[in-house]
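Letters A, B and C name the chains as they come in the text, with residue numbers starting at 1 for each one.
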Amino acid sequence: MSTATSETVDTQAEAAVEEEEKKQGTFARLWFQHYDLVILPMIVILLLLFLFLYVGTRDLDTIEVRVLAFDNVQGLLAQHLYLVLISTILVLVIAVPVGILLSRRSARRLQGPVLAIGGFGQALPPFGVLLLMAFAFSFGPTTAIVGLTLAALLPVLRNTVIGLQQVDQSLIEAARGMGMTSRATLFRVEVPLAVPVIVAGLRVALVLNVGTATLASYIGAGGLGELVQQALRLNRINVLLVAGGIIAALALLIDWLAGVAERIVVTRSG
Amino acid sequence: MNYLDYLSSNSQQILFLTQAHFLVVLIAVGVGSAISIVLGLAVSTGEPNPNRFSLDWFATGIREGSLVFTAALLTVPSLALYALFLPFTGLGVTTAIVVLTLYSLYTVLRNTVAGLTTVDRAVLESARGLGYSRMRRLLTIQLPLAWPVILNGIRVTTLISISIAVVGAVVQGPGLGTLLINGISRIGASNSFYQVLTGTLFCLVVAAVFEIFFAIVQRLTIPRGIRV
Amino acid sequence: MSDTADQTVVVPESGAGRSDMIVLEGVEKIYPGSTQPAVSQLDLAIAQGDIVMLIGPSGCGKTTTLKMINRLIEPTAGRILLDGKDVTHVNGDQLRRQIGYVIQQGGLFPHFSIADNIGVVPKMLGWDKQRIKERADELLHLVGLEPSTFRDRYPRQLSGGQQQRIGVARALAADPPVMLMDEPFGAIDPITRDRLQDEFLEIQRTVGKTIAFVTHDLQEAVKLGDKIAVFATGRLEQYADPDTILTRPANDFVSDFVGGGAAVRRLSLVELAHLELHPIETDEKAADSRNGVAVAEVDGSGKPVSWRHLPGADAAGTPLVTVPISGSVYDAVDVMLDGSASLVAVVDDEGRAQGVLHWNDLVGGLRTRKGDA
């Protein structure tokens, strides 16, 4: 909107143009900051739409109809969400406090070893961990929840510790300098500033749990993985596609929700 | 039969599966990284000027779009992706490699973009001031300086891929996951626990081999002036 | 706005008889999205071999002007001539290889060795390896860094001052006739900066480049510049030699910018070697103290150590301080203030007395010159 050539522009018109530009600027900025939040649901919707259209044009045999019956899918979905929810809450309750404890001066020495063991543990495949848990204890949802919790614990613990480490040391010094106790500094300065990182870790845990929970069906804990297993066992490609599509959509949706929540938290805490 | 007996009497199978696991990950991450780096280089550009339309707009669009898309791919549980590709690429190694390749895109792409754009502005400006063309800047200044970041992305992706490759056994992909599926489908049979244990633990062996491999690659490929 | 008529006794006129190396004609820059030109209708000619300092408050367009010369920033209007050739539309990358460029942060390539950093432009110009290597060593010598020590090091192993020397060497590598410098000593500590400036002048005496130099430091501009171009919000306010800028600012903006202390700053422009000094006698020749001539005692090597006789002053109570003749009046004043002495002995390179400068004739001398001009 350069007006280099026209020098006798009505000033009022120019002001209006500027106002318009400012509005566009705000919108453009919002769009540039958050457009990814719009793209993802669109991908999910397209994915599901495509899937339903495809399945709708197929003649399903009785086995397929039975497996894909609404009740069956809904039950598995509920099981899946249950596993994810409980294990994520457990991760939250365990990992964040332990992370805070590890960031205390007295426990700093433990940080290195814990993070190192954590990194090592992360290299273990969650599928293997889950199956070993089943062998060690029992088959079923309880074991699955313990396994899921263990698998997601380390990433969140890591995030919490690193998040607290990253808090600007001068802020902590300033807080202590103003006479805040170490406890007050932790809860009023360090933790609030580390919240974005901790929330990011939770999001990671959530995504990991949704993924690992698909494998819980292999230890008799149900969930949407059951659909895939049934499809493979019965050799039904249509079921396979629907199962994969639903799982993918669920994971994307949960991640999206977590992402929106994260964006809000991060914006709030500046 | 104790665990050591199991290991020694099945050493050939275990060694073979470990090698297969290593190779599948190596191939998939190699292909995925190559795609990501080339894409990252192709769409690397400055911030586009909001007031003037240019090719930079396309580059930025493709860059941001592929980042969102590949990040979304990484969110999809591996079992779902294996299931979705099975009808098209069939049971076996192809599906395993295709899925692993898709998973390895995001981290490398993100690190490539980040590495290329965080190169010291003073260095880029002086390169331009000395008469470096855009291509020459990209390939002889930005890429070498971004390489440590890119390489770390490849390393992280590799470690993730080792775990994901295990699940590939569900669609009869090669590797240590085979031991897990065998073990779990023969619960109660002798050695079924050992099989699962071996399949899990030997992933650590594969990870360790990769770590050594990356330590060597780092040593060989990161320019001396920026080695930490 | 070129101001060649303004000449003074102290600083010899610098542009006469030489062709203009860099010419900007009606150059203008309007950044996209802005209606206000960053640089408007600029005419500026830089004579071959001159150092021209571009100075002004931030946002005044001095850096934009500099970067338009090598077309890092494309001018919106106007022409740029280098050595008489219009370069406004030639290939920018090719052009920049013919122009040295030094920036504040050094901008050395961290993954290149020092020798490779110096050799970047020669390499692009297709020199052979042996020649590039010899050139790098030659330039390391020139900037005062031992080639065998520094050749194979990497930038991060060097101090800020050393990095900046390499930056200058790199810009000189392909022997470009023109150099552009964007606050090259801006991020260096004051003591090192002073030394780098001296070295820079020394190098310039050997290489005789045409240099455009952006700075925000008036002291630096006065010390280094053959001419100074003062900018204000996209306009060139005055373009003249340092003495004129300091003594006869063209308008209020320039005089505000130059600010107080201009007279003191100007002292650094007056070289002791150009002054008529009072005679000084050493003790052997002055057995009978003569009135009106200072007599100093010298040590075995002929260096003055104390005053034997001072006209109209207490010789025993006055400390003898010395200043090298290569220095400026500014240095002499500094020494006098520092030593609480009302006069200073000016000595040559060997430390032998050449003359005396009194506090009083310093003041008188300045007044005389101002009357002249």
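As a convention for this text, a residue touches a chain if its C-beta (ideal position, glycine included) is under 8 Å from a C-beta of that chain, and two chains touch if they have at least 3 such contacts.
Computed from a predicted model, the values in this text were never measured in an experiment.
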Tell me, please, which chain's centre (mean of its C-alpha atoms) is farthest from the centre of subunit B? C
Which chain has the mean of its C-alpha atoms lying nearest to the mean of all protein C-alpha atoms shown? B
Averaged over CA atoms, how far is the centre of subunit B from the centre of subunit C? Could you give it in whole Å? 55
CA centroid of subunit A to CA centroid of subunit C, Å: 60
Just give me the whole-number Å value for how far the CA centre of subunit A lies from that of subunit B. 20
Residues of subunit A that touch two or more other chains sit at 2
At which residue positions does subunit C touch at least two other chains? 32-33
Within subunit B, the set of residues that touch 2 or more other chains is 50-51
In the complex, subunit B touches subunit A at residues 50-51, 64-65, 68-69, 72, 75-84, 86-87, 159, 162-163, 166-167, 170-171, 177, 180, 183-184, 192-193, 196-197, 199-200, 203-204, 207
Sort out for me which residues of subunit C touch subunit B in the complex. 32-33, 70, 72, 93-98, 101-113, 120-121, 124, 154-156, 167, 170-171, 180
Flag every residue of subunit A that touches subunit B in the complex, lowest number first. 1-2, 28, 35-36, 39-40, 43, 120, 122-129, 131-132, 134-135, 207, 210-212, 214-215, 218-219, 225, 228, 231-232, 237, 240-241, 243-245, 247-248, 251-252, 255
Within the complex, which stretch of subunit B touches subunit C? 49-52, 120, 122-123, 125-133, 136, 141, 144-145, 223-226
